[in-house]
Structure formats: C-alpha cells, structure tokens
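Below: a set of structures, written as structure tokens.
Next come two complexes, and both contain chain A; in the first it sits with chain B, in the second with chain C.
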Partner chain A sequence: MLAYALATGVIFGLYFALVGVGMNLVFGVMRIVNLAHGDFIMLGAFGAFWLFRGLGLPPPVVVVLCFATLFLAGLPLYYLLVPRLFRAREPEMLSLILFFGLSQVIEAVVAMLFGNNERSIPSRLLGGGPVPIMGQTVPFAWVYAGGVSLVMLAGVYVYLYRTRLGRQTRAIMAQREEAVAIGIDIHRISAIAFGVGSGLAAVAGVFAPFMLGSFTPSIGVSLDLTSFAVIVIGSLGNPLGTLLGGLIFGVSLMLMRTYLSSFADLLPNLVLIGVLLVKPTGLLGRRVRNA
Partner chain B sequence: MTLKSWLRVACLLTAASAPALSIPARAADAPAEIKIGTLYAGSGQMASTSVPLHAALEWWADGLNKGGGVYVKAWDKKIPIKLVSYDDQSSPSLAANLTNQLITRDKVDILLSDSTSVMTASSVPVAKDHKMLLWDVTGSSPNFFSPDNQYIVLLALAATDRYPKTVADFVSQMPKLGIKSVALLYNTADYTAFQASAVRKAIQATPDLKLVFDRGVPANTTDYTLLVNNVDAAKPDALFEFGYPANEIAFLHALQDNDTKFKFMFTGYGLTEFPLMKTNGVSDVLMNTYALAGPASYEFKVNYGLNRDGFKEAFEHWIETKNLKGVEFGFNGLAGYQAGLVIERALAVATSLDQLELRRAVFTLSGTMNTLAGPFILAPDGSQSGEILPLAQIVAGAKGSSEPGLNVIWPADLATAKPIYPAP
Partner chain C sequence: MHRLFLRDIGTVVLPLAVLFAVLPYFYDNGLLLLNFVVFLVLAQGLNLTYGFSGYLPFGYVGFFGAGAYGFSMMMTLASAPPLLAVLGGGVAALLVGLLLTPLLRLQGAYFGLASLAASEALLHLIGNPSLQDLTGGPYGVRLNTPYAPQSTYVLAIVILVLTMGLVAWLRHSRFGLQLQAARDNSLAASMAGIDIVFGRLVVWLASAVAAGLIGAVFAWRASTFFPDAVFDINFSIFAIVFTLFGGAGTLLGPVLGVMLLYGLYNAIGVSAPQYFQLGFGLLIVVLVLFFPEGLAAIPRRWARHG
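Right, the complex of A and B next:
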C-alpha cells in the first residue's frame, strides 16, 4: 500500500502542480492573488464536460481549445481589472477582494446556467483501461492527466527560460521597476502571463473531473486553497517551485488517504501552517531571491 | 318585564351569541399569509440534495396557493402560504445566522431546516433558544433529539441510528450466504457515520463475520480510487459504503475505472438518487448491488397525499415548466413534498400557531398518516421511528423503463426474492 500511495502521489503531485502553476505565475509577475483561479479551473471542467461528452472531441483538441479560450479571455480581463489595481495603494490586498468578487460572480452565473448538481466524465472517454502500478491499478485518465501536466509544466519552463518573452517575464518577476526602466512593456507581458495562467487553469480543469471524481460550480474555493498550499510549499512567485510543492502535496495527500483517510481534508491547512511557521518563503524561496 | 329581567335576557343573548360572533371575529384576525421560513443550499457541497428539496417545497406551496392556500384550523379558513427562503450556500455558520434571521426578522410561523444533518445541525440550537419548533426535513442525526428539546420534529427520514435497521438485521444473515469478511467505507458526516456505526455494531455482534477494513473519509471526498484499491487489497467478501451523492458518484466512478467488483456491495445513496447516478454514467455499476429501497424507488401505501408515481409525474412537470437546472426526481424532492404534507395536515389540526401547539398537532399524525415516504411515526423526542426501508438488490429494470428493478430481500416478510451472491 505504501508504494502504491507514493506512486499515485507522484501522479497527483504533477496534477496539483498544474493546478497551482497558473496562480503562481500570475502572483510572480503581478504580485496579485487571483482568487478566481479555482473558478477558471471549474470553467475548464465545464468546457471538458461539454466538449468530451457533448461533442465527443479527442482529448488533445479539448486541451488546446480550453487553453486557447481561457488564454484569450484572460487578456481583456487583465486590461479590465489589473491596471486599475496597480494604481491603488495596496494592490495585493485589493486583488484579494476584487478576485474573490469575480470568483463569486463566475460561480453564481455558472450555477444559474447549468445548475448545481455534480457532474462527472467517465474515465473511459480518455481511452485505455486500468493501468497496473505496484500490483494495483490506477485509471488510465490519471496517467494521462499526469503526463499532460508534465508537458504543460515543461512548456512553462520553456516559456520562462528559453524565450524572449519569458526573459522579459522573469525580469518583471525579479524587479518590476528596473524592468520598466529598461523599456519592457509591463502591461503587455503581464497580460500574456495572466492569459497563460488562465489557460493553464483551464487545462487543469479539463482533467479535474477525472482527478477529483466529480465537479460542481462551487469547486473553485477548495481548488484555490489547494493551489495556495501547493505554491506556498514551493515558493510564492516561483512558478517552477510549484512542481516541488505539487509533488509534496500529492504524496502527502495519498499517504493521508491511505493511512489517515478521515483527516485527509486537513492536509492543505496543515501544510500551509507548517510551511509558514518553518520556512515562510517556501522551500525554494531563497533561490528566487538570488535569481 | 322588569329591568332586572331585561338585563338577564340581554346577558343570555350575549352569551349565546358569543361563539357565533367570535368565529367571524377570529377569521377577520387571521393573518394574510402563513409564513414558512426555510433555508436551502443554492451552491456548495449540499446543493445537489438541497435544491431538489426546496424545488418540491415551492411546487407544494404553489399548488396549495392556487386553491386559495392551506386550511388552518385556528381560523377555520384557507390562508395563502408565503415561502421565505434563504440560500445558505452549504455553509453551516451562514445557516445559523439565517435561521436566526428567519425567526427574529421575518417572524416566520413555521421554520424548516435545510436538508441533511450537516446543515440542520446549525439550526437546531438556534430554534431551541428561540423556542421555535424546527420542522427538520432530513436532518436525521440522533444528536439533534433529546427529551429536553421539545422544539424539533423529524419529517421525512428515520433517525439515522434507526434508518439502517433492516441492513443491520440482515447482517446476521450474511454468513449463511458464505460471507465471512466485511469492509466498511463511510463519509464521516453524522448522517453516514451513524449508519456505518449501526452496521459496524451488527457486524461485530455476528460471530462468523470479520471486519477487515473500516475507514471514514471527509464529507467532501470526491476521489475514491485509492480507497477502492485499498478496500480491494483487504479482499472483503462484502463492502458497505455510505456517502452523500457526490461521494457516491466518485466512488462508483472509481469502481468503474478500475474494473473493481465486490461480491456483495451495499451503497447508501446510489439508489436514493438513481437519476443523478444515471446522468453521471455510473448507474450500471449499481446493478446487482444492494441498497435500502427508499421512497423514490419503492411504492409505499399512502392514505394522504400523492403516491410516488403521482408525485413523480407532477414534480417532473414542474421542473420542466420552471426550467429548473440540475433538479431531478429523487428522494430529496420527495422529502420536500413530505415536509409540505406534514405541515398542511398539522395546520388542519392545530388550534393556534403557538409552537408547542404545532408540535402537539404534528404528534397527532404519528401512527395515523401514511405518505409516499412511508408510515409517519414519531418517537417522544421528535425523531422519526417510521419510514424504515426494506433492503433490496438492484437488478435490471423492465424493458423500456428508465428505473431499475428491485428485489426486496429483507425483512423476510416483505422479501420478493433471495439475494444473488456472489453478484454476477
């Protein structure tokens, strides 16, 4: 049971890293907390529900469509909300309130349009049967989701470290004022980062029905909490630290479910408290500061 | 006639005419509406159980209002119903505040709780403090009921420690089928944990049965794959699983995704909200499994209100007419209607809207009213002792029917078939 819990923990860890990476990217670039991130994931789940079950589209197409839709939606949303936040005295604090409000609006609208019932997607729609691991089996959908998460995280790495756009993004993350001074178009880069963060949330949402069992319009808040725990473990503002955070979170969750299932719910809170007490900068916090 | 005689006659006439005069006077004093306050979870974990219940209440109130309202004996007339509803968003703390608001600001005549024990728990102490009778629809936790709290009655579900009575009784028969080891997997919320506890006691009291797996999971668990694998690794002959609809969907998906089957499997909610399971593509997993045959799938003889089929037809029409998203016929809709039935019968008996008089009126129905939820029987503490459900094995439904077939296997006097073990 231990080996199985560890193996499934790694798969879930990759997925949780994908869940959190968009929020961390937005925080890293803009220093704002997007509390509507969980609702973007929920929108991705609804998108997958209709595209898989309604139109029967193949998974890669659904992933691309959902990413593109939320990426494109994120651009105008950025220009509508974020520049105004920057003009405020305390943008970080105000962003909490603003995006919490946006989260409530999205949830309410989706609930009105589609109802509150649980929705789920049979894993078989992703193809494949149960995959043997450590003498037991996991659904093929988990392996698929873990693989796509890894690809998306690799994509974030390439975007940040191998492209001109990424270098500009990292410049803003490291020192915003200096980035302005050397002529980087802050709003253009930030809008793209916001779009990418939203798109990544949508991709996490595509796999949410498979990884989380079922979803409703209200799952956003708990996903925000999960994302927050994951990125605080890795390091706030360091998107790649999210991978480490996700893996630790995923393995811990599966160990809890195996040995202390009644208390599995407490995990995000315990991890948050633990990391904030022991290493408030997150496990990769120092590296970020030195970058 | 002397003045004294005139006065005597006048007094007699006044006394004789008093009752006649008093009825119109009382009718004139009748409130313009009977305010029924209720909470529902429009979003969050409890929405899928709460929204259908609230929809059924609205349907019931609308139906009565079309006929002039509900008959209230206290004023000997029909009075329109006004439903005052607040969305508690599945938040127990918000539910406590809103319950207080319904009592103190809206001054409702009748106070209904939200569905489920999780949400009802917040309203119980508030109602008790305000000496307001809580018409508890499905909050069946035994913790709510005590001899010192007169301000609660349970309407649509047997108290959870009595609810799985048939299952607990059946457990002693399991060794005769060849079952030796049992697993127990349950949601740790009151409703499901109490049921699990009753079954656990029965398993431990049966000498030839061994409990090989016994785990609780948090109420919002929606991924069961790891748990299902762990249960499977314990190699039980039988599995009892208790969860809310969201748990059941995820649990059944996990079985489906892993091709896992148990020789005997009982689910607590799978049959209760069968249409929801069907919408989610997991109803096939329920074939040959066991469940309590709840009123949404089992026809009780009724002496008041619509029977199951009549309600189903009317409620589905209402859902369609009102274009209610995500609402389906199932136990929770039926529970909302059951609450309405008890309210209208009680108002037809109560001589005032005093809260203890309302409680007395509800108790007069105990043992005499049979509705689509089963026989309505109250224990002295206000908990429900009736509405005990038979244990059934789910089998393929009749050709062309959207509903599953049910073989009632316990209690013996109601049984229509023998259990098929191991499940095909």
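Right, the complex of A and C next:
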C-alpha cells in the first residue's frame, strides 16, 4: 500500500510539475503571477475533448496542436497586457488582479459558447490496459500523462539551458536591468516565454480529464492554487525547481489520499502556507525578499 | 478631534448612514439594501488593510466566513443571545487574524495567495464531514434565530459607520499618516522611527474584525447557509475590485465602487451571470491597465495636467 502510494505519487508528481511549470516560467521571467494559467489548462482540456474524443486524432497530434495554439495566442496577449502593466506602481501585486480579470473573461466566453456542463473523457480511449505497479494496477492514461510530462519538462530544460534563446531568457530572470543594458530585446524574449508558458499549460490541460477527473469552464481558480503551491515548494522563478515541487506535492497528496482521505483537500493550502512561512523562497530558492 | 476627520464624518459617513437608514421607507427590497451595506463594509474593511498598508488579501472572505461561523456556533453550541453572538463572530475573525499574522512577513503576490490558501484551508476545515457535530460540516448551518430584518439592518449600518469612521481617522490622524508613509516607502518610514510592524498589525486585525462582524450579521439574516456560500471567493474579489475601482486609501472611492458596480451586478448579473462575468473581467483589465489608482485619482490627474 505504501509502495503503491509512493509510485502513483511520483506519476502524479511529474504531472503536477507540468501543471505548474508554465506559471513558474512566466513568474521567473516577468515577475507576474498569471492567474489565467488555470484557464489555459481548462482550454487544453477542451482541446482534448474535441480533438481527441470528438475527432479521434492521435494524442501526440493533440498535444502539438494545443501547445501551438496557446503559444500563438500567448504572444499577442503578452504585448496587449504586460508592457502596460509594468508602467504601474506595483506590477507584481496588480498582476494578480489583472490576470484574474483575464481569467474571468476566458471563463465567461467559454461558458457562453459551450455551456457549464461537466465534461469527461473515459481513460480507456487512450488505449493500453491497466498497468501493473507494486502489486496493484494503474490506468494506462496515468503512465502516459506522466511520460508526456517528463518529455515536456525535458523540453523546458533544453529550451532554457541549451539554446541561445534560453540563455537570454535566463539573463532576464537573473538581472532584468543588466539584460536590457547588454542589448537583449526584453519584450521579444518575454513574449516567447509567455507563449511557452501558455502552451505548457495547454498540454497539462490535455491530460487533465484523465488525471483530475471531469472538468467545467470554472476549474481555473483551484488549478491556480495547486500550481502556485507546487511552484512555491520548488521555488518561485526557478522552472526546474518545479519538478521537485511537483514530486513532493504528488507523493504527499497520494499519501494523504491513502491514509487520511477526508483531509486531502486541505493539503495544497497547508503546504503552501507552511512552505511560505518556513522558507518563503522555496526549497531550491535564492533570497528574493528585501524587507 | 482633527478638523479634517470631522469634515469626512460630516460630509461622507453620516450622510451615507442617513441615506441607508431612510431608504427602506422608499424601497422595499430589504435584503438587497442589506447586501449593499455588507459590501460597503467589506470594501471599506479591505480598504483598511490594502489602502493603508499595501497588503492585498485575496483570502479576505476567510474573515467573513469565520464571523458567520463564530456567530452560528455561539448560537447553536452556547445558546447565546444574537447580539452577543455577533460580537462572537468579530472575536472569531480576530482570532483567525491573529493566527495569520505571520503571513504579514510575506510580500506582494506571496501574501495575496497565501491568504487565499488560508481561507480555502479554513473552508475545507469547517466543511469537513468529521467536524459535523461542531460546525455542521458540508451540510451547512440551520439556525433557529428570530428573524429580525430591522435589527440586522440597523446593526449592519452601525458596523459600516464604525468601519468608515476608522478609515476617516486613518486618513488624517498621525497614526494613519505614519502608516501611509510606511506603505509608500517602508525603508524611509522605518528610518524616520515609525513602528511599521505595529501599524500593519493594527489595520490587519481591524479589517479582520470588520469582516467578521458583518459576516455574523449576514449569518443572522440568512439563518441557513452552506460553508461554500460564506467562504465564496467572489466576496474577496468583489471587495477588491470595488475598492480598486473607486480608489484604495480614500474614503469615498470604495463607496462609489460599491454603488456603481454592485448596482450594475444587480441590474444584469443576476439574470445574465455570464455577461456580467465577461463585463466584470474586461472592467478589471481596463482598470488595472489604465486607472490603477481608481476613479478617485481622475480629478487629481486632471488637476495636474490642467
């Protein structure tokens, strides 16, 4: 039982890392909290519902299409909102409200167009039988989602640490002003990071119906809190720390569900508050506070 | 008493209280009037902490819910008289506020989201099936309080006057000016010998108590409610947007915000919630991008250019 909880915890941990990594990338580069992140995930879930369940496209194609769509939507969204936000007195605090407004708009439009019904996708549609793990079985869909998450996280690593674009992105994360001073085009790099973050959220959304159960247009806010908890554990602004945060979150969620199930809903909130109070910079963080 | 403080009381707080006191004679939807007062208190209560210390609690509704449950538990477990139970609601919110004071060490978005997580945690704790004997759990609360529309309405107005009185005092008193200095530049303020931590703590607890008291009044009037209803994050969001729309740190701004936006909500939000949500979302975006200091700053901006 314990071994099973740990194994499924790792699978879910990889998935939760994917859920959070886009929000963390955006925070790391722009120092803003994207509260529309959960709604991008919701859009990805709709993408899976139509493209995979409706049209029957193969899952890898659905993943690529959803990533590309949200990536391309993220670029104009960045130019529309973020540069202007930075002219305000407290961009970080106001970003919470601004992106909450955006999330309301997305939620309302989706609900108007497609209704508020709960939608789900049976996990057997992904194919494969139950996979035996530690004497019990897990749905093939979980293993599939865990695998895709790992691939996407590896992609983030390559993007950030093995390309010129990634080096410029990390320069902005480290020292915004100096990055400007050495001639990096801040807005171009940030817009790409925003697009990548949105695309990653959409990919997480493709697998949300399998990992998190049925979905509605209004699942965004709770996903925001989950994402924030995951990335705060790992450390805000460090995209790869998200992997550690996701694993810790996934394993402790599965342990709670196994041994103390009625309080499992409390977990993300308590973990978030606990980590913030004990080590606000996250487990891998540098010092960022200045008061 | 300071002259400007008395001017604020005389020109804003008392006329507003009188207006709401006579409105029931002309307009018979008492519940709607009460809801207006509830949101006025929440907006001004949030204004206490956001307007004067810069901390934006996304989980502000946690105090409202704590007040509602403090009230109902005083009624069901201790059979207290309703007035005493309303005070109990304030005390419950005060205790939650004290418990959460360590959050004030956090800054910016960290604080906002941590307070939201705290209010969600409180919701899951109170709504937990294993605490059903104590709180009613997920099945909600059914109170046998006497239905008293007039007393609850008058009580709400009294709480509103006290909250707005406090805002007016903070705008002009020495203590309030120190707080505003600390909000605008905490380093310079502490160099000048201002006790920043104490000031922030006072407004934080005061805003908690305001939400708790009005939450208790809300519970009295509703008498039957579910945990989701009194911990609904929309209370926080409405209070934040109303305050921001009018202008945080001002006395009249949050009042304007509530009157215009909550009025709009009742005009279209109830019959067409999705259109309201869309409009509300767009309004928030426009507000933050173009008027981050609210309506109250517009005349000031004109004066500067003119």
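For the reader, a short list of remarks on this structure follows.
Just so we're on the same page, the second predicted complex is superposed on the first by the 286 of 291 C-alpha atoms of A that agree within 3 Å, B and C clash if a C-alpha of one lies under 4 Å from a C-alpha of the other, contacts with A are read in each partner's own complex, and residues count from 1 in each chain.
The working rule: a residue touches a chain if its C-beta (ideal position, glycine included) is under 8 Å from a C-beta of that chain, and two chains touch if they have at least 3 such contacts.
Worth saying up front: this structure is predicted, and the values here are computed from it rather than measured.
Annotation for the three-chain superposition on chain A: chain B and chain C clash. Looking at the shared chain after the overlay, A:88 reaches chain C, while chain B stays out of its contact range. In the superposition on chain A, A:163 contacts neither chain B nor chain C. In the superposition on chain A, contact of A:175 is made with neither chain B nor chain C. By the touch criterion defined above, A:270 reaches chain C but does not reach chain B. Of the two partner chains placed by superposition, only chain C is touched by A:101; chain B is not.
Touch criterion met: A:111 reaches chain B and chain C at once. Looking at the shared chain after the overlay, A:262 reaches both chain B and chain C.
Contacts of A:33 after superposition on the shared chain: chain C is touched, whereas chain B is not.
In the superposition on chain A, A:225 contacts chain C only, with no contact to chain B. Clashing C-alpha atoms with chain B after superposition occur in a single stretch of chain C, namely 217-225 (options considered: 217-225, 235-243 or 253-261). Shared interface residues of chain A, touching chain B in one complex and chain C in the other, are 107-108, 111-112, 262-263, 265. On the side of chain C, the complex with chain A involves touching residues 54, 56, 58, 102-103, 105-110, 112-114, 116-118, 120-121, 124-125, 128-130, 186-187, 233, 237, 240-241, 244, 274-275, 277-278, 280-285, 287-289, 292. Contact residues on chain A toward chain C in their complex (touch as defined above): 33, 81, 84-85, 88-90, 92-98, 100-109, 111-112, 221, 225, 228-229, 232, 236, 262-263, 265-266, 268-270, 272-273, 276-277, 280, 289, 291. By the touch criterion given at the top, residues 1, 4-5, 8, 107-108, 111-120, 122-124, 129-130, 136-142, 211-218, 222, 254, 257-258, 261-265 of chain A touch chain B in their complex. Residues 41-45, 47-48, 51, 90, 188, 215-227, 229-230, 232-233, 245-246, 249-250, 253-254, 256-259, 276, 279-282, 324-328 of chain B are the ones that touch chain A when the two sit in their complex.
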